[in-house]
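Below are two complexes that have chain A in common, paired first with chain B and then with chain C.
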Partner chain A sequence: MKAHPGRLASALLLTLMLASGASAQEGRDPLMRLERTARYSVEVLMDSARLMGLPTRPIESKVLEGLSKNASPRLILAVARNVFRSLRDARAALGPKATLDELDAAASALRVGMTQSELGQLGRSQHGKLLTVPLVVLVDLISRGVPRDTASQTIFQLWQRGAADDDFLGLWRGVERDIVSGADPGAALLNRARQVPSREPPPVSPPRPE
Partner chain B sequence: MSDELNSIDESVRLIVMEARRPVAIDPEARRRLAEALRAEPAPTRSSRVLSWFVEPRPFALPPFTTAALAAGLVGIGVLTGIALNRDGRAPTEQPRAVAASSQLPDSVAPRAIKFVLVAPQAARVSVVGDFNGWDSAATPAKREADGTWTTYVPLRPGRHIYSFVVDGTHFVSDPSAPIAPDDGYGQKNSVVVVAGASS
Partner chain C sequence: MADSKQHATAIAVSLALLTTTGEHAVAQNASELEARLQAGAMMSTRRGNPLPLNALALTPGIRYADRRFSVSASGEAWLNGERWELGSSAAAFQAQTPLLHGVRAEVLANATRRFVDPSLQNDQLDAEGRVHFMRQRGGVWLGSGVARPLRVSTVTNVNVNSGGVWTRLGSTTLRGSVTSFFFTKLASPDTIEETVPCTAQLDAAQPLAPTGTGMAAIQSSNPGCRHQSRLTDLEASVRWQHRLLELTVRGGQRFGNSFDVTPESRQWASGQAAFWVSSQVAAVAGGGKEPAQPTRGLPARSFGSLGLMLAYWPIPRGVVPVATPASLINAFELRPAGTAVQRITARIGGVESVEIMGDFSDWTALPLIRRGRDQWELLVPMSAGVHHINLRIDRGQWIAPPGMPTMKDGFNGEVGVLVIKP
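Moving on to the complex of A and B:
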């Protein structure tokens, strides 16, 4: 069979065009699905976050979540701005050493009504432990109807008593079961919190001699 | 004007005559050249191969083939650019080593986390979250005989937000996980904290 250079070249061209098209679909920016004006605003927002040393992943994730849920570009932009603001406030409250997960969890806590001063109080008594799990539990409790003040004060007291991640998760499971069984959310939390064993707080390092 | 043209024609004629005049070569010079050529080593096989690659040679291609090859080269460039994520835009996330703290090192391997939803009436269930770009086609769950849907997702230590998608349209939070608040889209998500980051 005689190879025809023209046909060969056509086949090569077609294959490459299809391959580049498919690959471009896979590799392109996921935010490309967002309407152009909103995308521009989100990109500016993310650039600002980057300049301020804030993580951009939570913002991008919220945008993708909105796209997945068929939210309007206007709503997506509003949600992204809210996430940006809460990340900025969380960083201000927790300081530059907070991890990405802590910042993200703290930003969620701010969005359910926790104040920056309460967050800062938690951050100042970290003793080297991560705040992620206590904040996740706190946000869940508020979302399930526990009064905000009750939830934040209880979590703060347990935190100061040296409660570990497992203690907080155990508390959450108990309260969640009680609420499902019909208990008042605030009362369920106070009741379950009494059952959390008090742990020795981490040793406080003595002040250095002058 | 005519005199000027005549003088140019005469000059051209003289140049042509000079160019056509045979050049007398000294026989001694011819002999020296022949000896020098004989003294040159014969080309080896490797040097012939090398010269095949480096010596210029003319070749001709039809315009369509040339265009196809050019398009092919552009396509390869585009594919390479995409593979290297060098599309001219700034990356959407800082390098993990910068964004994450030293308590969450990059070297910590992902762990397979099991997601379970009881939905006997569902025709299909998938998991979406910050780990798969909220793509409902990325992580489908498998139906068990008792009507539960399960899937495993490799997750890095840390906090992840997710949701189940039932029948492609209904977002359902995980009843066995802490809730993340509704940030405005109308549905609450779930949170999983993969151990390792806080220990």
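Moving on to the complex of A and C:
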């Protein structure tokens, strides 16, 4: 059968159009899925974050998460604003040297009720270690019903005693298991925290004046 | 004609078509609706009363479960020749209290109909209360209850006391239980099947009449005579699951005097294996020995089965509001699979699709690939650092995968928080 040149040209054109459409879609800003007014507000929020030297990725990620979970534009914007505020406060508490992961985890901790001063206290006793895992564990414990003060104090004490990331994750596993088994969340944390070994000797108390 | 040693042997060759509508379909309040229909061919023989080899069984069942209670019903219908007959069936109710300091109370009530063959079948109502002490990987329980067999002229109420222990070691579940039965038997011609005479009126040394004639004579001379029966079952089971293979082995020992426990019911053992050829086809084989149920007048029996399970699929979504129960997920793991790549593996049985999403995918859902009946896998580019991740089953609700810290997502849900070290 003889191919018609006109049909061939049309098919080629259609293919080119589809290909160009697909590549345009691939390169499209993912925030385009957000309703226009809300998108404008998010863009302003991200510009503000850039100006303040804050990472914009957590804000953008939260917006995309909200879109995938079919949240309303209004709720997405409210949550994005909350993320922005908590990032700003976390940076103020931890200082400019905090890593992106630390900032993100610290912002989450602030959102579940940890105070800026408690966060600052943790940041000041870092001794070169990363705060990410203790903060991730802290946020989970508070979400599971451990009283906020008990959780922050316990994590802070373990942090000062030199607990490592694996200690914090082991503590989390133990507390989670106890809570599932019906234990009181606060009591479970205190009980499990006692079993975490001390990694550093307690600070030597200053000598008393004769 | 009945034999003195009533012995039923059933060989089931079942080609099962299991259409499951709503296997673990869970409503937003964690309620659960499950319905199933099983069709199969079965052959069974019992001495003196064979069941046709071409009998076909349909087994529909439905179950609704909430956090506090569950109700279920199941039945079995037999195509016997050209006529349908009702086989075994059951209706059950179970209610439980919330878990408090690892302790939970439970009430169970059942109405069951047992069908051995067209000439041997009866009904029973029973209720039991249990107290469980549960930990993450094991637990113990104690229970007490009463059962009322119907259409069994030889038995009054049955007092049942039970206790048990279970533990889970990796993919193996071990279970042990002790159950004691205490009941009164009325001497009647039917009791000869269990060789339980009215001892108060009988010389123990006197051999029992193998036919109904002797017993009828005893009963006619002592119409009110009764026998107090007591027997205890000790049973253990092991269930092991590895990739495509499921094995279940159980065995038991019955204690009681010779009037209550026939020799063939002293010990029993059985096993069953299922090998999943694909996600929807499994070869099933099993066999063993089951003890008698003297409270219901059902004899001990040996059985063997060989079958092929052909299909298994969940409810069309949208019929029931669906959420994902974390309890469906038997395992969820991430392992490094190269530079900045993680291999996600999950063991989730009886579902059609598993998806994940997170910041690493710009919150686009990524379907996991089925690698076996309950094995799912996906390679995901994921750099070192903190990542937020969600998982969903059968396009249900997004949940945090088990085994990792979680946090609220701000959208009335939760995300899992992964920390991947450099």
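Simple rule for what comes next: the second predicted complex is superposed on the first by the 187 of 210 C-alpha atoms of A that agree within 3 Å, B and C clash if a C-alpha of one lies under 4 Å from a C-alpha of the other, contacts with A are read in each partner's own complex, and residues count from 1 in each chain.
Please note the rule applied: a residue touches a chain if its C-beta (ideal position, glycine included) is under 8 Å from a C-beta of that chain, and two chains touch if they have at least 3 such contacts.
Nothing here was measured: the structure is a model prediction, and the numbers come from that model.
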Quick one: on chain A, after the overlay, do chain B and chain C clash, or do they fit? Just give me the call. clash
Quick one: is A:S143 in contact with chain B, with chain C, with both, or with neither? Answer first, second, both or neither. both
Just chain B (first), just chain C (second), both, or neither: which does A:G182 touch? second
State whether A:S48 touches chain B only (first), chain C only (second), both chains, or neither. neither
Between chain B (first) and chain C (second), which, if any, makes contact with A:S68: first, second, both or neither? both
Regarding the shared-chain residue A:D29, is it in contact with chain B (first), chain C (second), both, or neither? first
Would you check which partner chain A:K129 touches, where first means chain B only, second means chain C only, and both and neither mean what they say? first
So in the superposed three-chain picture, is A:T56 touching just chain B, just chain C, both, or none of them (first/second/both/neither)? first
Tell me which partner touches more residues of chain A in the superposed arrangement, chain B or chain C. B
Applying the touch criterion given at the start, work out whether A:K97 contacts chain B, chain C, both or neither, answering first, second, both or neither. first
Need the overlap of the two footprints on chain A, from chain B and from chain C, as residue ranges. 30, 57, 61-62, 64-69, 71, 75, 79, 82-83, 100-101, 104-105, 108, 111-112, 132-133, 136-137, 139-140, 143, 165, 172
Show which residues of chain B lie in contact with chain A when the two form their complex. 62, 64-65, 67-69, 71-72, 75-76, 78-79, 82-83, 85, 87, 89-90, 92-94, 99-101, 103-104, 128, 130, 133-136, 158-159, 161, 171, 178-181, 183-189, 191, 193, 195, 197-199
Complex interface listing, chain A residues touching chain B: 5-6, 9-10, 12-13, 16-17, 19-20, 23-24, 27-31, 46-47, 50, 55-58, 60-62, 64-69, 71, 75, 78-79, 82-83, 97-101, 104-105, 108, 111-112, 129-130, 132-133, 136-137, 139-140, 142-144, 165, 172
Of all residues in chain A, those that touch chain C in their complex: 30, 57, 61-62, 64-69, 71, 75, 79, 82-83, 100-101, 104-105, 108, 111-112, 132-133, 136-137, 139-140, 143, 165, 169, 172, 177, 180-183
Would you mind writing out the residues of chain C in touch with chain A in their complex? 99-103, 134-136, 357, 359, 362-365, 385-386, 388, 398, 405-411, 413-415, 417, 419, 421
